[in-house]
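Mind having a look at this structure? Questions to follow.
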Amino acid sequence: MHTIPVGVLGASGYAGRELCALIYRHPALSLAFATANSQRGETITLPLGGTVTFQATDDVRLQDAALIFTALPHGTSAEWVARARAAGARVVDLSHDHRIGNGASDGIPYGLTELRREQVRHAPLVANPGCYPTSALVPLAPLVARGLIAPEGTVHIHSASGVSGAGLTARLDLLFGEVTENFRAYGTGNAHRHLNEMRAFAAELGSDAELCFTPHLLPVARGILSTITVPLTAPLDDVLAPFREHYAGERFIEVVDALPELRQVQHRNVVRLTARAMAGTRRPMLQVFSAIDNLMKGAAGQALQNANLMLGLDEAAGLPA
Amino acid sequence: MHTIPVGVLGASGYAGRELCALIYRHPALSLAFATANSQRGETITLPLGGTVTFQATDDVRLQDAALIFTALPHGTSAEWVARARAAGARVVDLSHDHRIGNGASDGIPYGLTELRREQVRHAPLVANPGCYPTSALVPLAPLVARGLIAPEGTVHIHSASGVSGAGLTARLDLLFGEVTENFRAYGTGNAHRHLNEMRAFAAELGSDAELCFTPHLLPVARGILSTITVPLTAPLDDVLAPFREHYAGERFIEVVDALPELRQVQHRNVVRLTARAMAGTRRPMLQVFSAIDNLMKGAAGQALQNANLMLGLDEAAGLPA
Amino acid sequence: MHTIPVGVLGASGYAGRELCALIYRHPALSLAFATANSQRGETITLPLGGTVTFQATDDVRLQDAALIFTALPHGTSAEWVARARAAGARVVDLSHDHRIGNGASDGIPYGLTELRREQVRHAPLVANPGCYPTSALVPLAPLVARGLIAPEGTVHIHSASGVSGAGLTARLDLLFGEVTENFRAYGTGNAHRHLNEMRAFAAELGSDAELCFTPHLLPVARGILSTITVPLTAPLDDVLAPFREHYAGERFIEVVDALPELRQVQHRNVVRLTARAMAGTRRPMLQVFSAIDNLMKGAAGQALQNANLMLGLDEAAGLPA
Amino acid sequence: MHTIPVGVLGASGYAGRELCALIYRHPALSLAFATANSQRGETITLPLGGTVTFQATDDVRLQDAALIFTALPHGTSAEWVARARAAGARVVDLSHDHRIGNGASDGIPYGLTELRREQVRHAPLVANPGCYPTSALVPLAPLVARGLIAPEGTVHIHSASGVSGAGLTARLDLLFGEVTENFRAYGTGNAHRHLNEMRAFAAELGSDAELCFTPHLLPVARGILSTITVPLTAPLDDVLAPFREHYAGERFIEVVDALPELRQVQHRNVVRLTARAMAGTRRPMLQVFSAIDNLMKGAAGQALQNANLMLGLDEAAGLPA
């Protein structure tokens, strides 16, 4: 069987490398090129074996790939998306340049796969969601769809992420000596740009609930845990029922009884979630806990899930679930 | 100058050892005895040098100490508090047996030192606060005192603690191999017993706000960060002013501009806090971030701070701030 | 195609769980039973998905499995090996009960696969090697075979292991709070039992060199790095040549130029190694650096590699390399 | 009492900050200036409280300090040492520019305090030792002095250090995401420059033993553990006796029975060591284990210990032991 050639622009960061590793082991895809201007000519070993040699972005023939993943820095991605499209390639853009709430997103599906599967399947360009929004919107969608969120209340999204979320960048505050045995909030006061993305997609889903979002930096390499508090219109008999119904049959959404932990999702393309009723509150309140691997379902894994759909492959091909 | 003899019952846990280390370096105290039934006869090296030899609790003469710290397991402490009192010693109880909201606390000051200084000074027995309540109540008190918390709203306390908060106990889920690169919530659904303590003391301060509390387990040895979201009655011009005024002159409360981090408070007897207004919300909302070392201001450090007051010493004697 | 049923006795420890996870994803094997007396009836989620329910060891029908892995505590394994053999099953024993240098090992192949492939293929019982010996003997074998080790010198094996090597046991010294930010030696003075295993197999390979071995405990979950200093009979023009020749074509031995790191081998069934000449020494001296995942090539992975051979399957089936 | 003004050139790195923190709490010293060109004008909070504001190195009056610590990058320190001397200040140089075996060291004492106390006391300039050499030479000196090291044998120094040893520099390979759960050797093949320093000082002590040295990078913030294997001229009845005798009365050398761990020495200005005889070797062999905090006894702490001596103060003033 012939494999389908795909390319990765901006392959030297954490998400780009993860993509290369997934493509390397994918049964139906081959890596036509992987670019990284700062490391052109370098060959690296991929996490579970195999190697990749980076090329300069200007040196590759975009038309050699049927589909291109753009994992370039935010702001510089849009230009390369346009070039890739002009070369006839379909595109999954991992930057926020075309994401809902962040810029030019008209008609471009927001690739939260389980919620936008049909749009993704036929789109020439998909905007791959941010890691925090994925961890928050998958839990919120079933509640929005059922009208369960009290409109006058506030949804509090409290998230903690491993350092790979900040990218493979040489910042002093990301050194081991600064992160180990430490924990801190950042992007506080509702200032993190992922909040816009969450608000815009929640609105598209039909929610007018107020969202607040506070991210924190964990001393772990990968993983996001989001603790989401939701005021309800009415108490729920079975707090897991909305999630179980909404995601019935989904291979990458795990609705479970126990509280999810980061290590249950690392290196896997899943959202793992559960819910608890809050005791002793005046109005009914639900807490939802979701765990993802920010590089997998939060970036490269979901990008590949979308690409599989776009290329007519099994949605789960090459994806550890 | 003579030193004052003090004793520690239950000295082999994390809080007990920290207390022994603090007493060892204290300029005006000496350690009359340190008990640990399971390790009787063992000599351990204290963190910053010095050694201590544990005795059986039944083998020590309680009357040899002017003041006794009880760091025994919750539930078994009350009996030894009574014996220590009968032997004429004053007592700082680190268990929750006599804490507000947790049991028999009539007339026993809740030793959140900065908020109950005068009661502590003259009390025969002080109930030392829990670690999470310390991290939450110090930030909340100035807002309660100024009537700033919207009564119909909900205060969300979202905390993350290092593993020493769970004590020095041989549990599989606390092994390095299970905690490293991991993060998870626990005591969810408002089920953690520290919430009662917070609610009871907030009520004593005059608050009728609804409190919700969710703790998490961090892959760090020590430290708590609490992210507290508070609905306000009105916007604040200067979000730090209530805290700066309330704690003016306090040596162990640090109101700062930057977001607090665990490493800024480890091994120190301080609460470090800041606040931010939440942008884009319908009603004014404040977020307060507080960091403490759960073994210092959250346990042994505050216990010594209280003991210093009770013994007429400088409140800061022997305490790294 | 029918799958071959295999069983795991002692499946609740780190190595046992790893085995269950590997079998779960294996294309040609199925898990007939997994036993853990202390957790009988419990169902756990495996690392990369799937679940397993533990049974009591006495409750399973050993004859239901064509091959049985015994991952029981050292000392108790031999009895169950005998029962499994009596029930007609072939056995891979992960304990040291039948390992060379450790006890009753007459005629039982020492399953360092690449060095004993033919014996393993036809054996009813294979003694799976220890983790440290695997990390040391794979690098030493090519040097022994070529007579390169100076007989009057001493080979120094200095190893550091992640905590999973100590097993999933509730020991205070393995708590996160005791291991994080720490490092220490143990089993010093040549007292670790893995040294006997190394010496006995090196002798079987034909070496009379003196071996010294010092293990250390790393604050990581999994992985062993061994730094091995070898006095040579003569300088080597190409320090990697002996290893490249000896292991040519091997899929699970990676001889590389760069220094190996733990993260390059985690979750993979490989030995990754390189070598360096020591500058400025009187006689020629070589340093070999080898990295393995102690739960994969150091335990469960190699056990499966051996089982694949014994069952006539592709040696690499179900093994991430 | 007047305090003595001291200055720190190159104060923004890990060692420089540690020095500022020690000086801040020192009973007899005050900080006249702290320079850091890249962070001029910035104010930072010191680890245990207090703040310091960095100045440009060209902007300070060197004559304002009675003693100056130079913690500048290797290679650029020598020039500032000369300027500081010209301004009349005594100098403790933390770089390797004037260290034995590394460059211009004629007549400049090598400040391994316990071994060169009298030379340090009266010197205008002291070369503060490297971290690895401190961890190795303190254990070796008693053996050299007693002629216990077999001259034809090789001393193997196998060390592992926390990341602060690499400095506060924005290198990708020092990011948390690259160091956590990892371990690797570096400077292999006897290529690390600290080996020259060890060899030169060992020779000055009278040793002609061959030294080999291999450093490793630990996933911890601070601390060095050295495992040193020494061939002996004869077996020792009491393996600790040489160390206990040699360092009798020393406040910063801890000769102990148990194996030293990093956490026992972190934030303390000590070398903690023990020794074990190697069993089953042809000739007698000793293994010595030493632990230090690389930023304290390995850098800033020992620098202050030397400065205390030079200024006629108690050698232990301001130093946690």
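The letters A, B, C and D name the chains in turn, as written, and every chain counts its residues from 1.
Everything below uses one rule, namely that contacts are C-beta pairs under 8 Å (C-beta built on N, C-alpha and C of every residue); 3 or more make two chains touch, one makes a residue touch a chain.
Keep in mind it's a predicted model, so treat the numbers as computed, not measured.
Novice: Chains shared as neighbours by subunit C and subunit D?
Specialist: A, B
Novice: Taking mean CA positions as centres, which chain lies farthest from subunit D?
Specialist: A
Novice: As a quick test, compute the distance in whole Å between the mean CA positions of subunit A and subunit B.
Specialist: Centres of subunit A and subunit B (C-alpha means) sit 38 Å apart.
Novice: How many angstrom lie between the centres of subunit A and subunit D, each centre taken as the mean Cα position?
Specialist: 46
Novice: Distance from the CA centroid of subunit B to that of subunit D, rounded to the nearest Å?
Specialist: 37
Novice: For subunit A, jot down the residues that touch at least 2 other chains.
Specialist: Residues 162, 178, 180-181, 219-222, 263.
Novice: Touch graph across the chains, line, ring, star, complete or other?
Specialist: complete
Novice: Subunit C touches which residues of subunit A in the complex?
Specialist: 45, 47-49, 180-181, 263-264, 267-268, 270, 320-321
Novice: Contact residues on subunit D for subunit C in the complex?
Specialist: 154, 156, 158, 160, 162, 178, 180-186, 188-191, 210, 212, 214, 216, 218-223, 225, 227, 229, 259-263, 266, 276-282, 285, 287, 289
Novice: In the complex, go through subunit B and note every residue touching subunit C.
Specialist: Interface residues on subunit B, with respect to subunit C: 14, 162-164, 168, 170-172, 174-181, 219-222.
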